Amino acid sequence: MAPRRRGILLWARRASGLVLAGAALVLGMNAAWAAGPIVVGATISETGPLAADALFQLRGEQLAIAKANAEGGWLGRRIVLKYYDDKSSPGTAVRLYQRLITEDKADLLLGPYSSLVTVAIAPLINKYKMATLEPGASVPTIYVPGNKWNIQPVASSTTYLHQLLPLAQKDGAKTVALLGLQSAFTLACDQARTAQAKRLGLKIVYSTTYALPQPDFSSIALAIKNARPDVVLACTYYPDAVGITRALHEQGYAPRYLGETVGPVEPAFIAALGPLANRILSNTSWWPNFKTPGNRTFIADYKKKFGEMPDYHAAAGYSAVEVLGAAVKATHSLDQAKLRRWLLTHTVQTVQGPFKVDANGRAIGATQDMVQIQNGVLKLVSPPSLAQAKVLVPYTGS
Amino acid sequence: MSAWEGFLRQARAARIWSRLGGTSDVVVAAAALVALLLVPLTATAYGLQLATDILAAVALAYGWNLISGFTGYLSFGQVSFYGLGAYATALLVSRTPVPWYGAVLLGGILGAAVALLLGPIMLRLRGILFALGMLGLARILGIIFNNWNFAGASLGLSLPAALTPLAVYGGMALVAAAAFACNAFFVHSGFGLDAMSLNEDEAAAVAFGVPATRVKVIAFVLSAIFPALVGGLVAWNRSYIDPTSAFKPSLDLETVVFVLFGGIGTLWGPLFGAAVLMVIGEELLVYLPNFELALFGGVVILTVLVLPGGLVGLANRFGWLRRPLVLAPAALPEGAPPAPRAMPAGDVPVLEVRGLTVRFGGLVALSNVSLTLRRGEIVSIIGANGAGKTTLFNTITGFITPSVGRICYLGRDVTRLPTFRRARLGMARSFQIPRLMRSLTVWENVVLASRHGGQAHRAVAHTAWVLRITGLAALWREPASRLSPGHQRQLELARVLALHPALVLLDEVMAGMTREEREGVRNVIRHLPEFGVAAVACVEHVIAAVADLSDRMVVLDFGHEIAAGPPQSVLRDPAVVRAYLGEPL
Amino acid sequence: MLALQLAINGILLGGLYVLLAQSLNLIFGVMGVVNLAHGGFIVVAGLFTYWFTIRSGVSPLVVLPMAFIAMGAIGALVQRFLIEPLMRFGSRAELLSLMITFGLSYLLVDLALQLWGADFVSVPYLQSSWTVAGLAFNQALVIAGIFAAFISAALYAWLNLTLSGKALLAASQSPVGAICCGIDVGRVRLVAFALGVGLAAAAGVLVIIVTPLAPETADDFTLLAFVIIALGGLGNYLGVAAAALVLGLVQSAAGYFLGGSVEYILPYVLLLGVMMLRPQRFRRAAS
């Protein structure tokens, strides 16, 4: 053969060898992704009345998944969060979960935001037998024997502010007024607190429920003023928490203890009420100073990515993904039955504390802790081991 | 003959079955049917759920169309029936051995019962007030169920799961089909024509015998059944119901947008609107989640400004999906004059008005007016404007209740009888300003009256005859809105004749007519007795035209009768001259 | 004392209701246009006030004239391009205006969502009450009430005592007749609608001081305003003012003695009750 031709052949052999080697390398790498990403399906209320808080939950989920991917994914596969906007509408969510299960063929599911929407999709989850963590649903009635595939990673609403009444009673309080917004989870809370008050032997001097929109709470506040309770415990969302606080101030009554759920933890609450917010007690399932594994990383990552502090909804979303990941890794599979069995029998330490559920999927490990606004800043006041400050009394509205 | 036999005869005469619609209607119906059957065979579980939801939206849209599209009572509270049906079904399925289809049906019946109870009260109002009332009802029901522990209060109720998605789909398809059939009934039947006439002009409809309250309540009850059935099926499908989703305000809002976009008050509008917007909404949901509200709003605004008839209106411009004429034959038959009306024996006067006094607050519009019309008489009533002439007619026909006085018609005291019953007994009037049903055709305007008058059992033939003798035969398919003023007056007259009346009250029927037209009307008035009309009363300003026609003349001035008698003497009466004429005629 | 305090609370609440309803009364009662976007205008103005006061620190009362003029201008545009074209439909104009403002309300709510999010927000201004003789007077409601009284009186005076106001009344009673009198009916309608929207915006500025607002609450305000007008009589300024005050009083008492839920449904129960027992008021008004 002529020397040039030999050179070309040699070059061709070397080149093809390189190409083959490169291909083998790439294919080898892709073998890890060859099965495709793990699809985690969910809906979230991007629009509609529930959107404000739902966004936090979504971000928590997204952050946790991004972190998991950075650590190599689950079962060596990348994780993708496929989510839709359910418009805060149960009906839409049902359709969308149907789509996620049958069209998008999601491998795993996460629940939507709010008990209202979760309850609507629960039967569907059971029908398709997908072990689903529901970070947005705190109403305990979902987690009953008939609903065996829904699992609760957050504390029930019946535990909100459960520390308040015993604490107040130890301080000498004898009378309590209870308020409840007519909505599934606030009413569940209201009923639980009412039962607790009776158990403790406290006298309920006034109680009422109300519905939104309620532009004016002055009648309720006046009634409370006349009843002169030591404790006012209101199971609220945000606008009614603001309304009740203002109305009490306007009618000129300050109970020794004022506790409201959900509302006071929103950043806008303190801005909206100014000095009136001081010494209001509220509940949270998560706090930045928790010494839970990964909490500091969670806060730092969240701040970096989204430019603000996370709240407990974000923590709930994040933990749910943590728990799911733990289950997948431990069972080495995406088999729903295996995952479910594992979830019902194991404890997982998450950023919001221990995850543990009973045989019906109801949360028994998660806790609700108490916070108080002190000088315009929220501080954790219970449990004592993590408390940043002591509970300050009385509530003065200034 | 019984009402049913009469109806069958009419239907055969009108060849209803062959007149069910044009080619475009058949094409759309076939396409819808094919889609309905294909879905369960080919779709995924998600697709089946979406199709079920679309069918639910279609059924709701059709239900709403019945009361709000055809009958014109905009309701923003149909969700009340939806929620009631949902809860009824949930309670029955979870606590009794009633099977699901029974529970759903009972839910539908509950919705109908509530509508029957509330209808007569709510339907006294129109426009925004009716809409408000219904909305208030929905809110109240939401609160009631939120507090009712037996129904689970705000935590709601769980149901045992639905058998299969296919069963739900089938149920929903049946409900949607039934709702469609109801709409088709409205579009093709005399009852639907009554409803449409109420929508257009309730007072005029009533004057021609339409039983307004009855029609409205029936339409309302029908419109309540379908949301109740849909609510029951949805509850069963989701295995859960709670007050927030059972009584959600967005249901009515979406339904309104769907029907408006598709074409309000039409047969195919609700189907198009619901199907198209549901599919678009679903796709948008996936790709453009944040703008759905703005898009909905934009759709509504654009539709109202550009396409008030919706998609069907657009199709109409190409000649498709046009609404067929109600009860109309293919070609105008000859018709035949009606048999003379049976009159009571003896010399009972046709109309006897005694001591009629009408007060509007402090104003006395009529004071102690008496009038008697004997058989064969033509009486004209003249007077200055504001004298009370039209008020007199309004009181005789029942639009106004007199404070004092009696009205006897053919020997029967009708002082407290509702207007539509007087019309059915043969008391017909024309209006000073023609109050035609402008959205209906000439044929339909007349057949509306024929159906309620003395010739109701042969309404089609009678209508044809009336159109021929009033010279409107060539225009029988024209929309009333396109008639010239002269033809409009003729149509007014035709409607009067269609009632086969014994008493005809003509209110300034010759105003603004040319000499030839006036001559035509005078001719008709002269010949009225041949058509069974026993007495005629005319209010007129064109005195020359009625002076020689009338047997008697009555003059009103400020609500008082100041003269009565043969025209010649009345017109020379100095009191009349002073009050009205100005100089002897 | 209790009764007096309840009465004061009720009257002050009624003052807020007057504020919400009068501007709608102008548009609907006089023009016959059903403005379902009423709540949307209120909420947009209120949320804008929140955004502005948080950023600039000025009192919301300063924002009030700004909002009035700006929204009034927007109202004029809406009337010119969306409502006026419907007037040619005669009797169907009411239905069509209902539909088009319905679509507009969706647009406004979406705009508010995009600009300010779905959160409830509130302005921390005037949160206390003045105490006179042991009775509490909610400051925010007092200011709102003063403004409401002013609007009612001014509207009444304008419509009944000035030529331009009478021109509006004339145009609403008989457009053709008014044209024959040389009244520019189109311009009169424009002014009335713009004024109505401007006043709704002013109401929004005051409402956000009293209670938190979110885009989703727009429809509740629309509904409440319509209920009050229906109770008070369409186009009747004194009637609506009276109805609003009565409603406030009854709600205040009911809330105290019967609890929050009853207070909530009271307007609707009253409306249905009046509809059932005295429908002739509505018949006359509706015709």
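The letters A, B and C name the chains in turn, as written, and every chain counts its residues from 1.
Just so it is clear, a residue touches a chain if its C-beta (ideal position, glycine included) is under 8 Å from a C-beta of that chain, and two chains touch if they have at least 3 such contacts.
Bear in mind the structure is a predicted one, so any value in this text is a computation, not a measurement.
S.K.: Go through the assembly and pull out the chains touching subunit B as well as subunit C.
M.R.: Chains touching both subunit B and subunit C: A.
S.K.: Have a look at A-C versus A-B and report the one with more C-beta pairs in contact.
M.R.: Top pair by contacting C-beta pairs is A-C.
S.K.: Using CA atom means as chain centres, which chain is nearest the centre of all the protein shown?
M.R.: C
S.K.: Once you find the CA centre of subunit B and the CA centre of subunit C, what distance in Å lies between them?
M.R.: Measuring from centre to centre gives 34 Å for this pair.
S.K.: Centre to centre, by mean C-alpha position, how many angstrom separate subunit A and subunit B?
M.R.: 54
S.K.: Between subunit A and subunit C, what's the gap in Å when you average each chain's C-alpha atoms?
M.R.: Whole-Å distance between the two chain centres: 39.
S.K.: Identify all positions of subunit A at which a residue touches two or more other chains, and write them in rising order.
M.R.: Answer for subunit A, listing residues that touch two or more other chains: 47, 182, 209, 211.
S.K.: Do you know which subunit B residues sit against two or more other chains?
M.R.: Correct list: 143, 146-147, 290, 293.
S.K.: For subunit C, what residues touch not just one other chain but two or more?
M.R.: In subunit C, 113, 261, 264 touch at least two other chains.
S.K.: Looking at the complex, which residues from subunit A come into contact with subunit B?
M.R.: That would be residues 46-47, 84-85, 87, 89-92, 94-96, 98-99, 101-103, 116, 119-120, 122-123, 126-127, 139, 141, 146, 182-184, 187-188, 209, 211 of subunit A.
S.K.: Of all residues in subunit C, which touch subunit B in the complex?
M.R.: My answer: residues 28, 34, 82, 85-86, 89, 94-96, 98-100, 102-111, 113-114, 219, 223, 226-227, 230, 261, 264-265, 267-269, 271-272, 275-276, 279, 282-283, 285-287.
S.K.: Contact residues on subunit C for subunit A in the complex?
M.R.: 2, 5-6, 9, 12-13, 16, 54, 113, 117-124, 127-129, 131, 136, 138-139, 207, 210-212, 214, 216-217, 220, 251-256, 259-261, 263-264
S.K.: Applying the document's contact rule, which stretches of subunit B touch subunit C when the two form their complex?
M.R.: Spelled out, the residues of subunit B in touch with subunit C are 72, 74, 121-122, 124-129, 131-133, 135-137, 139-140, 143, 146-147, 249, 253, 256-257, 260, 290-291, 293-294, 296-301, 303-305, 308.
S.K.: Would you mind writing out the residues of subunit B in touch with subunit A in their complex?
M.R.: Touching subunit A from subunit B are residues 44-47, 49-50, 53, 143, 146-147, 153-156, 158, 161, 234, 238-240, 242, 244-245, 248, 250, 282, 285-286, 289-290, 292-293.
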